[in-house]
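Heads up, the next two complexes both have subunit A, just with different partners, subunit B and then subunit C.
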Partner chain A sequence: MKKSLIATLLCAGLVSGNAVAEVDISGFASVVGGKVLSGEGVPEFGLEPTFLANYPIVGFYEEDWSFKPDSKYGLQISADLAEGLTATAQLVGRGADDFNAEFEWAYLSYALNEHWTLQAGKKRLPLYYYSDFFDVSYAYLWIRPAADNYTWQIFNYNGVNAQFNYQVSDWTVSGNIYTGREDDTENKLLSEFFGSQPVREIWKNIVGGVLSLNRDWLDLRFTYMTYQNERYRNGVQVTWDGDDARRGKFAGISANVDYNNWVVLTEFNRLTLDGSDFDTYLLSAGYRVGQWTPFVSFADFDAEAEMHSTTSIGARWDFHSSAAFKVQYDDVTDDGIDGQMVAGDSKAITFGIDLVF
Partner chain B sequence: MNWLKFVAIPLVLTSAVVSAEVAVVVHPSNAVSLDQAEISRLFTGRGATFSNGSKATPLNLAESAPARAEFDSKVLGKSSSQMKAYWSKLVFTGKGTPPKELGTDADVKAAVAADASAIGYIDVASVDASVKVIGKF
Partner chain C sequence: MKKTLIGLCVSAACLLSATAMAEVSINGFASVKGGMTTGNDDTLYGYTNDIEFKNESLFAVQLSSDLGDKLSVTAQLMAKGADDFDAKFAWAFLSYQINDDLRLNAGRFRIPFYKYSDYLDVGYAFDWARTPRAVYDVEFDTMDGISLYHSTSIADMTSNIQLVYGAYEGDISVSGALSRSKVQDITGGSWELSNDWLSARVAYFMADVTINATAFTPLFTALNTFGFGAVAREIDFNEDEGTFFGFGLSYDRNNWVAVTEYTNVKVKNSYMADRDAYFVSVGRRFDSITPYISYEKDDDVSKSAIYKGIPPQVPFLATVAAVVESQRADRDTWSFGMRYDFHPSAAFKVQLSSAKDNYTLEKDRLLTMGVDLVF
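Presenting the complex of A and B:
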């Protein structure tokens, strides 16, 4: 309802014949294919060998070739309404959802001054380093940001956001603070992968912030977010120790280096939910050789009973000014205990092309 | 085997690029002086004003123009692909808009000559009295 209202407002803004509106259309796409080379699956869930490449949208590979799990396209329409006001909508269709296009972003932006911009509407939650441009694979090194880190079932929010950008001697200091909520009536990850009953997942009273510090070759990012979680399974409210809501707190730090031809990418995150810690980290290194950037990567997820990691090796080839070819081999180890396995061990190969326009 | 060939070809292409000098130009009435870091800031969306506080409007060359790759590599220290990846992150997260792109040196000269806030770059060989050079790279 809210979604369609925002979309309608945006469309109205776009077609109202506003003579000063300058409309920009841009987009991105990824066509990626792959398969599991070998894997154990999870016999006790009846799960065949599976490589879960994308948790939130449940994009997974099996032993037959598939071009759906990582493939997607996005179309962004941005209307400059002058005097600092911009309306932006982004339609994204993902192979894992049979390429049905949905408004992933729909927001109004108002530039208060050179340093501050206010935004309201639907946006991606900027939790992890790559969360808010997760779909724009051209913008990063791998086929996808490490699945083990980017596991959370909610990745959008509706609310308001204030972002800033300052120059402090040699440092660019930027970031944002945001608040809002998300009510996902049938959450895909919880309803389809981690269960078989419809789950309504609510994250409310979301308050968070991001601080980024950049200079030359160094990029540091700090992120924090707190929210209240409510959940309905099959229409019945889930309780945790008798409470119908629980609080989650997410904190993360990322340090990236791009020096000469070396690229080192790291992030460390912790979600504390109801007193339990869910720790994730990512370590990646690449070296640019002309248009090629071969890389290695290790990502880990560690909670009390859910434990898994992925070792990856691959390469990005910038063969065209707007497109990159990527190939990646992922070796997943699933050490989950007490029924907390995700998809079992797997080895998978994926390759594809990312582009922007 | 084929793999090696793939790696070798781009290497040869990269090293075969002939370098030409790039001139960063502003409107003749603009008295600013900018160092490389300040120019880089304007063309990466990290700053929007000249050192005297007045508004700056950076103008990029299209990728088809030879001076574009020169500028990206010498002034911004990145390849054009890296710059595209950088901008796609900002554009699709609502954090920035890349500078407007113009097709040729002549287009940049005309735009800079007509706008006191403009800053662009062209091949040194294209410089004439309609614009003021504030740096060569």
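Presenting the complex of A and C:
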């Protein structure tokens, strides 16, 4: 291998020459169409009737049919390098981002033993219950996790983490401890939706942990994270009470039940930033009837001036062993005051197919 | 999979590997092309007198997976030199085979405007260095939506019908500025009848075209201020009805290859000229070498009536007239070239194109060489 060190850098042919690893390709896709049925928009901002379905990627519907805001395609490539080492990369193209292909994940995993795995690289920030598979809509009931609850503007980070997994009598105890940083040079949500100037959003000194407890029909998850926020608007550093940085603390709990065809999903989160609390929660209930799972859902965001909630009804139809059809009606109430409105009230319909392969 | 509803599988990595049973097949195509114009001041198709290799070079991989039970998924990842090789999902759709004759696609796919719409980027699929630009000139070529395919046999002919509904949202260049655009309610289809050596196709589409043409903002402000708002509305694209009509014939027999296509593109109540264009191309296969000659005609009639009602003393009359007349075009393009199939899945091509503008009498000549391959 010594000799080929130079060649490694020069010749891509080496990659195939030395590739002994097993490479697996899998993927997911969502094709979703929808439109706003009625809405108020925010006249103050000159915003037409809009349903902001997805905060982090800024996927929103207007009064014409659109097939882009919730549609996405992902390819996951993982290479098992043996002896516990795995490399994983995920390439995702989202309609809201004009299907530009971006590496959402790129990390190495090293299994220390049967309980612990170390990982390093670019990963999803595991704040919320559905964070890790936020893009893989096939994995959950709705078309998307409730927007009011999933309002994060930073959803990836670069860093290291340790995952664990133990069996304690009837319980599976698993979790994740992580640290890292994210520097988003032009944050989409803050630059495009909540303003018109480029915003660079930095979350640094991120330290967090997740603990999950599962048994049979019950699933509990606890999450905590702390970080320091720095922000540049149009290249100028934003200060908060004279400080360049502010600390945020995020805590959440989620309890899910899947019992006798009933599915009850709950999630409660609080972000404390600058002494203000941002509280969000989501409550959903569904009932499985054969291939169909009709559901109702309520989600709420509550801060000092920004307040909004969404009531949804819909159904998931598992018409295929690895694909589901979904249809959902969302009714958003935006009670924001003091210029803290998001997109105004809206009623919207969306439907589509999610699959994994 | 029921259990994942409550997320027993905590990571998507785990989720995907748990459910991933379907085979993923990978193939692709690539083009490496270099070109330069022959005259110092000549420019054509983005090339100048300096040799350029990025303009029309591209790499793409296509992944497809059959999920069983009539369902499949296809995604094409493409990196174009013109976009600095930034990778993008050019196509990505789900297919559901309803029965032997009918297939439903949903997602992002090519709009079947032209005979070679599905192969616009797959240079290997045709003889030319590029599809004839006079005809292949609609500013966008993909849409998001649904598409229904019907294929059957009629006598000894094969009939292929594709119906589409959806929208295009993206940037369209207007007067040199990339402008946010929405082409809504794209509705239409194509029908192709073919046998071993002859094929004929027609295509028709309608849509509502809205373009936020920032380049015109100062002009529109002036027009509105001076009471010529109606003129501004005749220029802009504000949910204006666009139509596309296309017709094509191709012949391939006894080593002779001939193709012709005609298109007509209009957008009502906008300054866009009514565009008429056609091409005729003839080639002859000599073993692995195919020389060809093609002629393209572009005849775009500007909407001079838009500014006829503005009195001559109004200062911005000249600006409005210039904007409207910028759409006028009368161009003849001759191309001579050769395809050399030096490999079972790769072709070398060389093409000389000469475009003449019948208004300015300017001629631009371009020499392109390159390799197209599929894998």
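By our rule, the second predicted complex is superposed on the first by the 337 of 357 C-alpha atoms of A that agree within 3 Å, B and C clash if a C-alpha of one lies under 4 Å from a C-alpha of the other, contacts with A are read in each partner's own complex, and residues count from 1 in each chain.
Everything below uses one rule, namely that a contact is a pair of C-beta atoms (placed from the backbone, for glycine too) under 8 Å apart; a residue touches a chain by one contact, two chains touch by 3 or more.
Everything quoted here is computed from the prediction, not taken from an experiment.
Trainee: Determine, under the contact definition given at the top, whether A:290 touches first (subunit B), second (subunit C), both, or neither.
Mentor: After superposition on chain A, A:290 lies in contact with subunit B alone.
Trainee: Which chain, subunit B or subunit C, is in touch with more residues of subunit A?
Mentor: C
Trainee: In the superposed arrangement, does A:75 touch subunit B (first), subunit C (second), both or neither?
Mentor: Second partner only.
Trainee: If we overlay the two complexes on their shared chain A, which of subunit B and subunit C does A:256 touch? Say first, second, both or neither.
Mentor: The second partner, subunit C, only.
Trainee: For A:91, using the defined touch cut-off, is the partner it touches subunit B, subunit C, both, or neither? Pick first, second, both or neither.
Mentor: second
Trainee: Looking at the overlay, does A:133 come into contact with subunit B only (first), subunit C only (second), both, or neither?
Mentor: both
Trainee: After lining up the shared chain so the two structures overlap, which partner does A:26 touch, if you call subunit B first and subunit C second: first, second, both or neither?
Mentor: A:26 sits against subunit B and subunit C alike.
Trainee: Would you check which partner chain A:313 touches, where first means subunit B only, second means subunit C only, and both and neither mean what they say?
Mentor: neither
Trainee: One more residue to check, A:99. First (subunit B), second (subunit C), both or neither?
Mentor: second
Trainee: Kindly classify A:66 by the partners it touches after superposition: subunit B alone (first), subunit C alone (second), both, or neither?
Mentor: Touch status of A:66: second partner only.
Trainee: Could you give the residue numbers on subunit A that contact subunit B in one complex and subunit C in the other?
Mentor: Of subunit A, residues 26, 28, 76, 88, 90, 105, 124, 132-133, 135-136, 139-140, 172, 174, 214, 318, 321-322, 356 contact subunit B in one complex and subunit C in the other.
Trainee: Which of the residues in subunit B come into contact with subunit A in the complex?
Mentor: 6-7, 10-11, 13-14, 37, 41, 46-49, 63, 79-81, 84-86, 88-89, 91-95
Trainee: Quick check: in the complex, which residue numbers of subunit A touch subunit B?
Mentor: 26, 28, 74, 76, 88, 90, 105, 107, 109, 114, 119, 123-124, 126, 132-133, 135-136, 138-140, 163, 165, 167, 170, 172, 174, 214, 289-292, 317-319, 321-322, 324, 356
Trainee: Taking the complex as given, what residues does subunit C use to touch subunit A?
Mentor: 1-13, 15-17, 19-22, 24, 26, 63, 65, 67-69, 71, 73, 75, 77, 86-90, 92-94, 106-108, 144-146, 166-167, 169-170, 182, 184-185
Trainee: In the complex, go through subunit A and note every residue touching subunit C.
Mentor: 24-29, 31, 33, 64-68, 71, 73, 75-76, 78, 88, 90-91, 93, 95, 98-101, 105, 124, 129-130, 132-133, 135-136, 139-141, 172, 174, 212, 214, 219, 256-258, 263, 265, 286, 288, 293, 318, 320-323, 352-353, 355-357
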